[in-house]
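What follows is a pair of complexes built around subunit A, which joins subunit B in one and subunit C in the other.
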Partner chain A sequence: MTRAATALAGASMPRSRLAPWLLLAPAIGVLAIFTGYPLVQSVPLSMKQTFGPGATTWVGLENFAAALGDPIFHKAVINTVLFMIGSVCTQIPAALGLALLLNHPSIRGRAVLRLLFFSPQLVGLVFVAVLTRIAFEKSTGIVNTGLHAVLPMWSLEFPWLEKHVLATLVLASFWMWTGFHMVFFLAALQNVPKELHEAASIDGAGPVRRFWVVTMPAILPIASFVTMLSVLGSLQLFELPYVVFAGGGPENRGLTIVTYLYQTGFESGDLGYSSAIGWLLAIMLLFCSIIMLLAGRARHA
Partner chain B sequence: MQRDGAREDAVRASRLPLWMECIPPGVWVILVLAAASLVVAPMLESGKRADGKVMWTFALMHRTMYAPILNEWNRTHDEDMHVELRLLGIPALERRMMSGFLSEIPTADLIEAERSIAPRAFAGPLESVGFLDLTDRIRAEGLDEAINPPSFIPWMSRGRIFGLPHDVHPMMLAYRSDIVEAAGIDVDAIETWDDFAREFARVQTDANNDGTPDRFALNFWPTQVEALEALLLQAGGGFFDAEGRSIVACPENVMVLARMGEWMAGPTRIAADAQEFTAMGNQMKLDGQVCASVMPDWLADIWKTFIPQLEGKMKLMPLPAWEPGGRRTSAWGGSMLGIAKSAPDHDALWEFAKTLYLSDEVARALWREGDIISPIRSHWSDPMYDEPDPYFSMQPKGRMLIDLADQIPPRASSPFGRFAQLRVQDALYKLLNYRNSRPDATRAEMEAKAAELLANADAQVRRQMSRNRFVGGGS
Partner chain C sequence: MNPNARPFSIWTVAAYALLLPLAVLTLIPFVWLACAALKAPEDFFSSMFLPTGEGFLGIAWSKLTLVNFRTVLFDAGMARAMVNSMLIASLTSILATLASAMAGYTLACHKFRGKRAVEIIVLGGLLVPAPLIIAPGYQWLYTLGLLDTWTGLILPAIAPAFGILLFRQASLRSIPPEVLEAARIDGAGEGAMFFTVALPMLRPMIGAFMMITFLATWNNFITPQIVLQSDDKFPLSVLIAQLADVYRQDYGVIMAGTLFSIFPVMILFLALQREFISGLTMGAVKG
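Coming up: the complex of A and B.
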């Protein structure tokens, strides 16, 4: 490189350094205004009782203490964790099973089936929630009438939306998200080298053995990612119970942490308490993420 | 060396100007789009504030009713006093109203708020309520006498009135006269809910012999929380007293909840869930799966619109009382017109509010378009209320409702109303579980269980209220 070229490169360096920041500036600006500032503001807000800027009282950690001793918050946490367990334990294996099935070359109409399983994503969560509400109604809902037609002893009055609220939410969520997770697994399965399967076959491994020693290790990073998505998404569940039950449902059986946060903040107007609940949820999410990251690292090691 | 110099010159010559090189083409595209948006967006804005006043309402029917009065007002007043009426959905109205009140930025000058949302504005200190305090104006002009007094109570907080009432909303019991008369039931002999449960049990049938009736006497379920609250109020209970204290566990509520438990579970079950505003609920009413429903005046119009096939098959009767000689009505729903404190020209807005809400024209439109009784007592002598209603088998529905209007129970508002409503709903669900597990439970046992559940609900409401240092007293 000549001196001139070096000089030119040096001269253009500050300009090229400026360009990425200029490109990022709009996004950073929007994030700073609509995410960063509210996030920072929510810390002091969680330590206040407030009704507009003219009526604010500092309460310290009282909101956090109240939340930790609040039986409704406890119920919301238990519901959310149970929903998360139910969702992850049904959706992930089902999504993987569907992906394995639809990845098999002998299955006809794979493209149509993929679209079919993915289709709840196309209509959106609110639409799925509205359909859930209709489908699980007593007497007239398609779930009870269908089950009654197949199993005459099944009561048309089976109270899905009154007593089996979490089960209903898990089923609705299964319908919504299994196809979505399946797409990730399909992409991962299509990247597993065929040579590895051939080599394992030559070594005498059967399909089950090949799945565990070839397929699973290859798709494990994607499986971890999908599981983390599912866990974090489940912990933030809001729209589904909000649309199906307009809140927490009978006896708060469908109350989730975010639904309770919404109720306290936007229905009761207790923004300080709501912020405290938000931070407690953030701590839970952080905790889950760290556990999963550590588990991933340990597995990798 | 010379060659290097020439290359350097060539490179310099081919370089773009510094200001263009600093900002890459992609950024230019973004900047141009941003600038264009800044110019075009204000031109596209449809919600541009009018020069005059703005009023928000949540009901299409109200907008239609108000149009002639509004046109007349705008014709006879200067442009700065013209009123533009905007229709918003209830959730949108609630959020915009509360965002404005909480952030102390101007909202609409006049806000027509429904009972479920207006009390949210009362959660802070009295001086932070976003509505103008109308108490002195109302008293000075004698409107507290002219308007049915219970109609003011939902719009009061700590003794001050923040809205002009739009309605009374007395309730009656609507029943399928074709079915009830065929069963030989004399509704005039029914005075109490116990009478009703006993007599109307005769309309229940189980055609397919599966052990569950396919026709129920009453449309009532814990999902219908507003109706639940109305029946508690009828008994003299409710959620809050006039001072805003929780009365969730009061003996009247215990008695009502225990009987509701008997209605909805066990061998004495007479109730099923045919919810209002749902196609499924309407079909159940049409099919005669439920025979009687509690009905405020406004709901009559909803039924006429969505279940017109029931014309001539329905009749009305006063609500059965909870005790002999007790109150035969209650109230469900309601709306008010409030003036935003942040709005200029309070006096002019007050004049407009009175013109709109106290006019004969609106009172007639309320009745003709929405089956809603005017809250202004002087209007009650209007012969239109005596006209027979074909939907209700030619009964003079208006007169029947007005005859009950004096008995409307006081309905105290509270920012904790929704919270209390959900806690009492939970208590009722739990009571149904108890009843299902103990179908032979006596009334005394049901009342003991109801008392226990309501005490728990009351504790939760008080706990929630105690956290509010502005209203609930707080620690």
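Coming up: the complex of A and C.
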């Protein structure tokens, strides 16, 4: 900024002291009333047992103790973590691979392909869930009939929705999210300066070496951002399994933390226990974020 | 990426050989959905896509039917839900964009006491995971008497912390302080300045953010599922989940309902995709 511009910026104090607050009021008011207040309330609520929104009894930390000893909650945590690992480990490398392919200079129709891979993202999770439920059915679903048509030894009776529930969920979210992550990688790749690649080529670096030395460091911030988004998002999975199985699925094989939170709060009517689960999830999310931030910092050092 | 690559090298062929099958796999669910919605119940399982027969391209065109669409629109209440989704998503996205733009612009272009505190509150809002406030939020809406109302559904959604921060970034980048100062010297009021000076300069962000919010609201399931109770207020997302149970065996109807729910928005977004995708990645790549 030039000196004149700085002086002007300094001079641009509004005449009215009220004006900024009036402009902020709708957003900050709503944020305080509908996020801030419930957030504060979630602490006492997690220490109560409730029967619907009206009737409550104080139980202290019992909800937390109960959740930590609750085998169904354990099942939900294990399922959710496995789903997260499965999703992140398939989607992120695939998204990066797709972005690298699309970014190849001789690829024609890049815009069309980018749009095509992105399009499943426009379909909401509920709608994906409804399709998943029909597509993965035994003997009639398109997944089994399609696989059987390509690989004749594939059994039409492969029990996706009965036994391989997490694999089903990982596949459905793979279809939905890979293109979304790809868009971020592609944007990052297009911001890598061409001169760096040219300089590395002149120094005799081949394509693989250039990827590790030039491309990776340049896209690392976006890669960590996308990974973080994916980890935190998959730990909060709800709609997909909830709609596919109308609940937790056979033997709760598709039960996730948020599905259990929903079931305890709105099907059993104990908003207190539901809040306690919410806090345990929040702690998990915070823990994962801190680990990833620290890992990012360690890599920088 | 590699400036020395010759076009149509072996790598190009390999890249296409990978990309095209993947593109086909990505599209298959859409094609399957569109075909399934056009099939009568007795033909549903007879073929993977369209029923085979004597017609053009080996397809029995005469077996295709629009009956599923009629059932879904008139018997299953989809027409109503479609209007509801339109209204809910439009209202939410317009109000959220306006409130976020006003707040973001103020944080970027005004100096006032307490600004830092407001910024910290907004950043804090970004960190609150949505599931944490599901139960207390429901109890709070119950206390306020806003359960089963659109107000209870829309109002809490009009101040997303990330929207405020996006507009703060956009204002810092695209509204020069000199322009605001000039408007002030001309005697413009602060409110008028937001609408006449700031909003036009934030146009690209407004378009992108409105689209992102519209789509997210259209596809949101958990909030309407918890807040709303009467059938006549449901958006498509909640109705389709119910249809999947009510018409459990009638796959064609479920498929027609899904097609009907996703295709209108998809076409809208594919038409405006440049703005949408760039808005999505704007904060992440340049911020």
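One rule holds in what follows: the second predicted complex is superposed on the first by the 277 of 301 C-alpha atoms of A that agree within 3 Å, B and C clash if a C-alpha of one lies under 4 Å from a C-alpha of the other, contacts with A are read in each partner's own complex, and residues count from 1 in each chain.
Note that a contact is a pair of C-beta atoms (placed from the backbone, for glycine too) under 8 Å apart; a residue touches a chain by one contact, two chains touch by 3 or more.
This is a predicted model, so every value here is computed, not measured.
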| item | value |
| --- | --- |
| Partner chain(s) touched by A:267 [first = subunit B, second = subunit C, both, neither] | first |
| Touching partner for A:54 - first (subunit B), second (subunit C), both, neither | both |
| Which superposed partner A:23 touches (first subunit B, second subunit C, both, neither) | both |
| Touching partner for A:193 - first (subunit B), second (subunit C), both, neither | neither |
| Touching partner for A:225 - first (subunit B), second (subunit C), both, neither | second |
| First (subunit B), second (subunit C), both or neither touched by A:239 | second |
| Which superposed partner A:157 touches (first subunit B, second subunit C, both, neither) | first |
| Partner with the higher number of touched subunit A residues, subunit C or subunit B | C |
| First (subunit B), second (subunit C), both or neither touched by A:93 | neither |
| First, second, both or neither for A:217, with subunit B first and subunit C second | neither |
| Residues of subunit A that lie at the interface with subunit B and also at the interface with subunit C | 8, 12, 15, 19, 22-23, 26, 53-54, 140, 266 |
| Interfacial residue positions of subunit B with respect to subunit A in the complex | 4-5, 7-8, 11, 18, 21-24, 26-27, 30, 34, 95, 98, 101-104, 120, 123-125, 127-128, 212, 222, 273, 280, 283, 415-416, 418-419, 422, 425-426, 429-430, 460, 463-464, 467-470, 474-475 |
| Subunit A residues within the subunit C interface of the complex | 5, 8-9, 11-17, 19-24, 26-32, 34-39, 41-42, 45, 50, 53-54, 98, 100-107, 113-120, 122-127, 129-131, 133-135, 140, 142, 145-146, 149, 175, 179, 183-184, 187-189, 191-192, 194, 197-198, 201, 207, 210, 215, 222, 225-226, 232, 236, 238-239, 243, 246, 257-258, 261-262, 265-266, 271-272, 274-275, 278-279, 281-282, 285 |
| Complex interface listing, subunit C residues touching subunit A | 1-9, 11-12, 15-16, 18-19, 22-23, 26-30, 32-33, 36, 45, 48, 98-100, 102-103, 105-107, 109-112, 115, 118, 121-122, 125, 128-140, 142-143, 155-156, 158-159, 161, 164, 176-178, 180-181, 184, 189-191, 194, 215, 218-222, 226, 237, 240-241, 243-245, 251, 254-255, 257-258, 261-262, 265-266, 269-270, 273, 277, 280-281, 284-285 |
| Complex interface listing, subunit A residues touching subunit B | 2-4, 8, 12, 15, 18-19, 22-23, 26, 49, 51-55, 57, 59, 62, 66, 70-72, 137-138, 140, 157, 162, 247-248, 250-252, 266-270, 273 |
